[in-house]
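A quick write-up on the structure given underneath.
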Amino acid sequence: MIVPFQHLLILASILFLLGLMAVLVRRNLIMILIGVEIMLNASGLVLVGASAFWQQLDGQVMVIFLMALTSAEVSISLAMVVYLNRRKKTIDVRAFDELRG
Amino acid sequence: MATLLFYILGAVAVAATAMAVTRRNPVHAVIYLVNSFFALALIFYLLGAPMVAALEVIIYAGAIMVLFLFIIMMLELSPGEDADRQGPVPLQWLPVLLLGAAILGCTLLLLQLDPAAGQQLPRWYASPRDFGYTLFHEYALAVEIVSFQLLFAAVGAFYVGRAAGTKEPLGGER
Amino acid sequence: MSIWRDIKGTIEPFWITLRNMFRPTVTIEYPEVRTQLPPRYRGRLILTRDPDGQERCVACYLCSAACPVDCISMQATEGEDGRRYAAWFRINFSRCIFCGLCTEACPTLAIQVTGDFEMANRNPLETVWEKEELLVDHCGQEPGYNFYHHAGIGVTAARGENPGEDKPVNVKDLLP
Amino acid sequence: MPEWLVILLLIVAKLGLIFMVLLTLAAYLVLAERKILGRIQLRPGPNRVGPFGTMQPWADLIKLLTKEDFIPAQADRWLFMLAPGLAAVTALLTFAVVPFGPPLSLFGHQVPLVVCDLNIGVLFFLGLSSLAVYGMALGGWASNSKYSLLGAIRGLSQLISYELSMGLALVPVVMLARSFSLTDIVMAQSAVPFALVNPLAFLIFLISAVAESKRIPFDLPEAENELVGGFHTEYSGMRFGLFFVAEYLNLIILGSMLTVFFLGGWMGPFLPGVVWFSIKVLFVCFFFIWVRGTLPRLRYDQLMHFGWKILLPLSLLNVILTGAFLLWRQG
């Protein structure tokens, strides 16, 4: 390890918190998705760091799965964004607060 | 050396991410985020995961963010709408230039360090061969499951896109 | 099968373009090699004189009216002998489209086209030509025509007897 | 002279040489393209500046540098200024991993003729080529003009689609060479180039490379007769010049990648390696220009149809077949 594992965890948690903040605070649908991306990345950083800490490859393999998952998630969610935008002509989340099918 | 690089890149990643989540304009956010992903990719490289670093650039910066950019452009979230509310022009883009320059400098440093990987860079280094071996031997089932997940995602995206294309939205019928 | 047709249609053009690369070019390299202009080419406009050396133009404004881009302007005036002429005559060649309608409108055959087309120039004001520059010392394409000679004399000869006039057509006859 | 200074000087000399050769080659490729296209159309092409037009690139350079640098009023100024540089830099950086000759001995030092032999060279190339999209997309978006935006959107979706088949066409190469390093891939082709071993992958890579370079059968992002100039409609002067140079740098990069992955790199009889490499790259560039002079532009839906329904399944099939073949040969 080039740095103490704690420092890496601190970096990852800062990134995660920034992503979480984006999800909670921003009202733009695109920005919320970007926040989700940031959080996923932060967890990827922890996995790679753990992989380097314990000298095992499993963490890196998990990151690959994480990336596959993210790309699937992004493709679906962006398709949903386009769909929602077509219905309401906006991507402000406050426009989607009524629960109708 | 590598330790110092790690802290620089970590600072760059945090700064770029912070800029990204506070931008009003989604395209600017995407640019800062790409910066942050670069910094993260270099950190992965420093941590001995070159494959993950390359895939981070290819998949995150090259595909996912491009997809975001595509959707932002397609929905015509126009750039001019809040041009007046932002600060003076040089201040507005100085951060991205600084962050980009920092990342570029670190990259060049890393590229020149690479021939001496044995001495300078981490002792623990996952070569692509080891990586592929682990991935396809120990996690073969997981690979299959993930590939199915990707297939379902493709079908789902296609379905949502098709429903949006038809006259009557399918969501309205159910 | 259509896929073979498609593949053939994609490959074949490559052969054609490759062959074209070794053929002689068809370009005429202009400043060194001059092309033969067609005899009725419409280039720069001139103001011609009649055989007596007088200006043909009577400043009737017909060319200026016919001009689709309004590039011809003039001021009519009358000489001491009662002969009309243009006090000034101006053609803006940066507007002119070389359509030749002015020459068709001209009753005195004064304004005529030439084969000159090399008028390019860096200063747009230099493409505005005044009367002195437009006026030439010859009759242009109609050497014998003298408007005042035809128009200025009373008609004394019988119908069909004037010079250059055809015999009247016999409308009762089937043959021309 | 101390040891490290010699090494440093060699590295700097190598970088400078590569930089100069690349930029000059890009400038002269423009001339070559105009000449060859002219010959195809029975014209002589540019022949006024210098003997046979050989000074044309410099005349173009002077013209571009002295033109007014125009920025639209509603544009995102910094992004607008940044985008052409982004396009050129990503194209230049890719050349860092291209091995253009066998290692050379100079002053008793073994100088590898590659800027940096990464052991993940293939991924480096794919990563940078996926980043090349940004210059175009951001330039088109920042211009705030409908033609630019349309060009950028088209370019984004086209490049994403064809990058996929490009990456998949490289998988058989990696399987055959058993390495991600470009030097190893060239070494593995010392007997037979991979274009003969796996012609299908070669064809797929070739087509995707043409699509990736945004050139004529696939030049939808800048289709002149629909979108004025596509993503660089609003650009003028040297910014446009940078986009232009980036396009030709991309051409050289893709040519060298084709050479490295499929045509055997610097391998060849009689001549030295660097000469073989340049011959092959120039031939590929000539082929690209030839394609431009020959084929008409695809329609947008045809482009997407071809990319997703023909090229992608073919490349997947090719990966499976190559894997099966390798397993069978191993016993």
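Letters A, B, C and D mark the chains in the order given here, with residues in each chain numbered from 1 onward.
The criterion applied here is as follows: a contact is a pair of C-beta atoms (placed from the backbone, for glycine too) under 8 Å apart; a residue touches a chain by one contact, two chains touch by 3 or more.
Note that this is a predicted model, so its numbers are computed, not measured.
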>> Over the chains that touch one another, what is the least number of steps taking chain A to chain C?
In response: 3
> Counting C-beta pairs in contact, does A-B beat B-D or the other way around?
Replying inline: A-B
>> Roughly how far is chain A from chain D, centre to centre by C-alpha average, rounded to an integer in Å?
In response: 33
>> With centres defined as the mean C-alpha position, give me the chain A-chain B separation in Å.
In response: 11
> For chain B and chain C, what's the span in angstrom between their mean Cα positions?
Replying inline: 68
>> Measuring centre to centre with CA averages, how many angstrom lie between chain B and chain D?
In response: 23
>> Quick check: what residues of chain B touch more than one other chain, meaning two or more?
In response: 51, 55, 63, 67, 74
> Of all the residues in chain C, which ones touch at least 2 other chains?
Replying inline: none
> Considering only which chains touch which, how would you classify the arrangement: line, ring, star, complete or other?
Replying inline: line
>> Per the touch rule above, enumerate the chain pairs that touch, sorted by label.
In response: A-B, B-D, C-D
> Okay, in this complex, where on chain B does chain D touch?
Replying inline: 27-28, 31, 34, 50-51, 54-55, 57-58, 61-63, 66-67, 69-70, 73-74, 76, 78-80, 83, 89-90, 92-93, 96-97, 111-112, 114-115, 127-128
> Which of the residues in chain C end up touching chain D in this complex?
Replying inline: 10, 13-14, 16-18, 20-21, 23-27, 29
> Can you name the residues of chain D that touch chain C in the complex?
Replying inline: 36, 38-44, 290, 293-295
>> Touching residues of chain B toward chain A in the complex: what are they?
In response: 2-3, 6-7, 10, 13-14, 17-18, 20-21, 26, 29-30, 33, 36-37, 40, 43-44, 46-49, 51-52, 55-56, 59-60, 63-64, 67-68, 71-72, 74-75, 77, 122, 124, 126, 130-131, 134-135, 138-139, 142, 146-147, 149-150, 152-154, 156-157, 160-161, 163-164, 169, 171, 174
> Given the complex with chain B, which residues does chain A contribute to the contact?
Replying inline: 1-3, 7-8, 11, 14-15, 18-19, 21-22, 26, 28, 30-31, 33-35, 37-38, 41, 44-45, 48-49, 51-52, 55, 57-58, 60-61, 63-65, 67-76, 78-83, 85-87, 91, 101
